[in-house]
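Structures follow.
Two complexes are shown next, each including chain A; its partner changes from chain B in the first to chain C in the second.
Right after this comes the complex of A and B.
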């Protein structure tokens, strides 16, 4: 496509504008996290602190933060492991399933994704209470698996559809059992899909607030997004520490996304266009 | 090594019939080529033998044993796929070793066998490469090495040369034939390329519309095609088929007539281009004008329009003529084939 210089310049300006809109909150978060307690509301407002300090980070990195961080890590990584393994098995049977009835169920999987969290939270809460799982890691892990699994199946299915069936047939003729074909051929070749899906599940669970707030009741079980609430008190909000914590909460996910984004982009567009 | 028997094999996909009662015996060590156009059932037949498809009905025997209910992995076959189906995450060496690894062959023996198989196809120096780093011809060799590494009872080859360029295809064709001769393994080879079929096969099975049209050696199929489909499918350019009528000792067609003693009726007269001659004026059976004259280097293909029919003649390179030039043709006696006009079946040769 031929673009004139003016069009290119216009598009670049538009991109710059969009990037600014998206990145401004992050910039503000970092800026506030470096301001001393008196400065966030100084008038005139300053984009960058005159006297940057890491004091907020030192206060924010208290023992509770470390507990929340550990909880988030356990819950997120467990959810990733369970969702991605179950998702791969499910996606494989949806892709290579010989029964038309099984393939038709893929529609139901998408349907399951249509309910907002706030609509399903009460039934899930009741189930967790019935199973005596409230205020445990399992309440969060199971809830997160149930909400991330449909998208995970859908994403992995996109990858599996691109695997040529001849590879599996070849392994079968070479002497492999169906399980062996799955482990030797399907799993290694699905690696980009597994990574993309893991990133998706990690991002969703790491930032989840509603379930985490409702299913945990003690400080020992809180996750990071709920823990950020600690800085919002009845009489005031400690913005500096809140933002410093927010930066620390965002960093791991941003790092993962930064290194693995090419898989992630491939994951959400897999099967979208004819390769 | 083993003989293969297919008995009354049928396969339907819904309302579509891919195979309609196929009977076929393949001898021990034989190189059998299944030849036919797309959708004729040749690949389905091979996939049923491999155990990748289940027949709707019928029986498959390999080495005397009924294998209908046996999964592919237990049939002791090796298959070369059209797109090679190399495992992209494994090196060349690991690809070749995979069938041995599954059978738990000890590492030292495995390495020796892999090396021998790779050397056999001139790939010994590339064992640590990944398939993505290889050319099409090299990938094909790896696929072959993976097939021969464990001396299976049967080789199955599904259009293995169709993704190669013309020159490489000729080389690989020769190598394949030698390899199969040396190993003596029963081979089923699927192709739609008649040249591959003619050059490789001990016997050719010509398939069309889910049924066998003819089984025979390449020479038999070329010299005595069983029906008009085989006649038109084998040979390049294909056999001329002229519709006409036999009556009172004459064959007459729109473009001409000549004496021919045979039972009366509507027929198709078949004659291969190499058996068509330019006749001295006044002596020809068919007269027409030159439609096209194509020099192919070693010969000239002259296409003559006689009435509504186009007749191709394969002539000496210098025999080319101007387009539109009048020309008369006759056919070599004893080299013509008669087919029933209604059924297309062979009636005899004249």
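Right after this comes the complex of A and C.
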């Protein structure tokens, strides 16, 4: 591309503007989380505290926060494990099974991705109440697995369709059963797809708010998003602590994302771009 | 072979069963609930015919929720796709630091929705918020604005917060599409003397048309159903100025325990979403036919 120097400079300035718009709220969140409670808010706002401290983080990491954190961890990791396993089983059958009515079933999977959670939540709530599962991990895990499964199947199906068939075919010729082919060939080869799908499911469940708000009723069972929302009222405008909690809630998913970004980006875009 | 087939069905069964019980049954269940009345005092559902539909339609907030949902959805979808596309163009240039910038731009997308909402609630705080502070220093406003408490500003404010959180997702998909565009076509257009704008309109946009359609439908559905941002920022207020279907359903169902009416709102929300998607499909289909005819 033969861009002139002026064009390049202009484009780089626009990039700087884009980065600023994205980063300014983050920068401010971190700045306020490091502000000592004694330092007053000023107009115009000071962008960085004079005397940064991690005091807010220590205060915010109270026992209830640790409970919410543990709950989020249990629910999210269980959901990732179950969704990705069931999703891979289903995707394998969809792509290799040559079953009857397969395209109709795939259509139902795609349609289910679009169901508004708020529109189906009342019957799900009643089922959970009937099964005595309200305010348990299981109510959340079951709901999260169900709502993430259609997208997970879709993403994994995309990956399996791109796997070269030759390896599986030669294994089958050698007499391997479909189950052996699945464990020895398909699972190892799908690793990038499994990672991408796991990251997607983790991001979705770590932040899920509507089901958690509706299905949990005691502090012992709250997850981080609901707990964080509760903090707003409890702490009035103690924004330092609120921002410190927010940073701590965000860090785990951010860290996972940064290490596995490559896989995730490929997985998310594959479905939409290749169709 | 028959045994193989049984194995494939067995592998498929848990996923299908779960989706049937937890997604398709509740979809039907919502319609059932919308014909049955329950309340906090009378939790046993009683058949009510169309009474709940009449009640919801007669309630003044229904029209407001409908209009708000449409304004919110169209506003977020339009801005998110425009900014997402422009950001993707910017990240598809041959400039230094593209990888780092892409990672930075994706940050709001990974940020949990409730965190993003709390952050923006704080940004919009009339006294302590950065938005007022910056606008006052720049002389763009003379007095602090109560962004979320003023019913004329609240909807625009929640839309801005949602676009900030959502445009990276659209950017990501547009960027992948742009990187797939055939370079030779662009180079051919350059040899013909087409400037950057002509190349964009004549080569790039037609090449990624399908991705634009997918992106718009996807963001339309996600935005219409998005609960977190509005609930944390305004709870649908002030009055009902930012109430959309998901927040109204949650408030009616779990705030007032009127499951029947909440389900009725749910049925309406599915209808409205279907109409929006269908309208877009018709407009899109018409545009394609005109192009084909031209």
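The criterion applied here is as follows: the second predicted complex is superposed on the first by the 251 of 275 C-alpha atoms of A that agree within 3 Å, B and C clash if a C-alpha of one lies under 4 Å from a C-alpha of the other, contacts with A are read in each partner's own complex, and residues count from 1 in each chain.
Going forward, a residue touches a chain if its C-beta (ideal position, glycine included) is under 8 Å from a C-beta of that chain, and two chains touch if they have at least 3 such contacts.
All values reported here derive from a predicted model rather than from experimental measurement.
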Clash or fit, chain B versus chain C on superposed chain A: fit
Chain B versus chain C as contact partner of A:242, first or second or both or neither: second
Partner chain in contact with A:188 - chain B first, chain C second, else both or neither: first
First, second, both or neither for A:166, with chain B first and chain C second: first
For chain A as apex, the angle formed with chain B and chain C - C-alpha centres, to the nearest 10 degrees: 100
Chain B versus chain C as contact partner of A:78, first or second or both or neither: neither
Which partner reaches more residues of chain A (counting touched residues only), chain B or chain C: C
Touched partner set for A:147, first chain B, second chain C, both or neither: second
First (chain B), second (chain C), both or neither touched by A:92: second
First (chain B), second (chain C), both or neither touched by A:180: first
Minimal inter-chain CA distance - chain C and chain B, angstrom: 7
Residues on chain A lying within both footprints (that of chain B and that of chain C): 177
List of chain A residues in touch with chain C within their complex: 1, 3, 8, 11-12, 14-15, 18-19, 21-26, 28-29, 32, 41, 43-45, 86-87, 89-90, 92-94, 96-99, 105, 108-109, 112, 114-127, 142-143, 145-147, 149-150, 153, 177-179, 203, 206-207, 209-210, 213-214, 224-226, 228-229, 232, 237, 239, 242-243, 246, 249-250, 253-254, 257-258, 261, 265, 268-269, 272-273, 275
In the complex with chain A, residue positions of chain C that touch it: 4-5, 7-9, 11-12, 14-16, 18-19, 21-27, 29-30, 32-33, 87, 90-91, 93-95, 97, 101, 103-108, 110-115, 118-123, 125, 127-130, 132-134, 136-137, 164, 168, 172-173, 175-177, 180, 210-211, 214-215, 218, 221, 224-225, 227-228, 231-232, 245-246, 249-250, 253-254, 259, 262-263, 266-267, 269-270, 273
Chain B residues touching chain A - in the complex, by the definition given at the top: 50-52, 71-73, 75, 77-79, 81-83, 85, 87-89, 98-99, 102-103, 146, 156
In the complex with chain B, residue positions of chain A that touch it: 164, 166-167, 169-177, 180, 184-185, 188-189
